[in-house]
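As written, the chain order gives the labels A, B and C, with residue 1 at the start of each chain.
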């Protein structure tokens, strides 16, 4: 793999955090639906890597999990963890918060990777949102659940905030790591406010 | 971007027409479902660029909206227009007709772009149909609506007619612009007949 | 097309077998839903080429059906066959068995193609599963059917067995053709056991 494709340390950490968190959320949907271990793994993989895969295809990057084994193994491990430990049900509230961290991390990471591939600013913003949200959307479609897209809760919006902030800050010359921290924190805060206070967007009144 | 990738004037016009019309149809589905502005934008983008994105991935072209900002901004503007003006509800019949224009335009444009990338005739035909229909199919799946695919109405058929006609005419040596006009007009006419007279295909009788 | 991309004889046969079998299963779903001939064709194409298309996009190979006409024509022919002959309903049991052959053939073929593109072992295994299962998953989502993914029956598991076995045998130095035979036969046998004896995986007991 080209060294330029691999982001420096902090971004790699964001990436694995996002993968693990989303893989767990995929496996939890399989658990809710009383599925088999194979379906747990399938949902963990598709939710963990779905958004980033689409992003890589669109920006013309090699798909990030194809040239090594680790990414898929992390997803499989997350599926096994949920299969073994989820019975305790301690996870429900926790997963909402992990998902919020993953959402912020992935939005920033997706936008950063797109900019490194010379994607224009507006599509780079879209790549951040896509990286963070598409895995969960595919998960919901396959599980026959109403998609997160269709709920007024601030979810896609928090991803868009983190992604837009990162792109804007970098365009104004901020150091990428600082931009990532600020954008990630604010995106996470908006999602946290949505979880704690049920903050939501106004719906269309026709 | 490579100049060879950008089609000449009339095809660019077809392209933006298709994007705007499909983006509006995506936002209208969000309006029907009483969604938020963020979902309006998401549906406008996915319906506007979904088919063309898949086409570009398959023919090995750079994805058309990644290297500039304009395409996504057009989709966002369409979402805003629907959010602001749709209350008047004047649009319902109009949108059916705009969609018919977009269907014909996109079928021809998709087939033409595929031929320019040396795709074989039958897959080029499929690329035209895909460019015209896949955005709407994804829109319907995400909205939990029965897909246009499952209705007997002439819709995919009109796209296939426009696309097949364009490919055939060009293979017999017709000038591309003339072929585009003839194919687009006939595809549009078939769709118009379906709208006005409820023309439909016979269903399978098992 | 690059000669290195085209697999030797037996793999080409596996490929066309997989395409035809899955195309027929797609058309049969359209028949069950009393659809039109156009929808028959659409479902035949999407089920026949869906998994392999996604695989090719992810491993960076040219999409396999884009540079010649034959693949799509095979799908169209299968759709026509089902449209004309399915009334006799002799096919229902037969198709389950054809599908089992296609599942085994496609898992091996997908993993083999991925290895030829220097994909790492674990993702190569995933490519085999994806090639065999994604077409059917898209078919079910579009038809509004509960996906094969959500049933406890051994289906994805049989694909994973065939794919994993092929990758493992080849890594231990087995001749590819022998590895393909052994892996395909065992994958098919597991699926056959699931059909005959209703073998299934235990579901999650929360």
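The rule we apply is simple: a residue touches a chain if its C-beta (ideal position, glycine included) is under 8 Å from a C-beta of that chain, and two chains touch if they have at least 3 such contacts.
All figures in this text were calculated on a predicted structure; none of them were measured in a lab.
Between subunit A and subunit B the CA-based rotation angle works out to 120°, given as a multiple of 5.
By the residue-number overlap criterion, the interface of subunit B with subunit C counts as different, with under half of its numbers used by both chains.
Centre-to-centre spacing of subunit B and subunit C amounts to 29 Å, using the average Cα coordinate of each chain. For subunit C, the set of residues that touch two or more other chains comprises 57, 141.
Interface residues of subunit A facing subunit C in the complex, by the touch rule stated above, are 30-31, 33-40, 42, 45, 53, 57, 62-63, 65-69, 72-73, 83, 86-87, 141-144. Residues of subunit B touching subunit C in their complex: 57-60, 118-123, 126, 137, 141, 146-147, 149-150, 152, 156-157, 160, 200-206.
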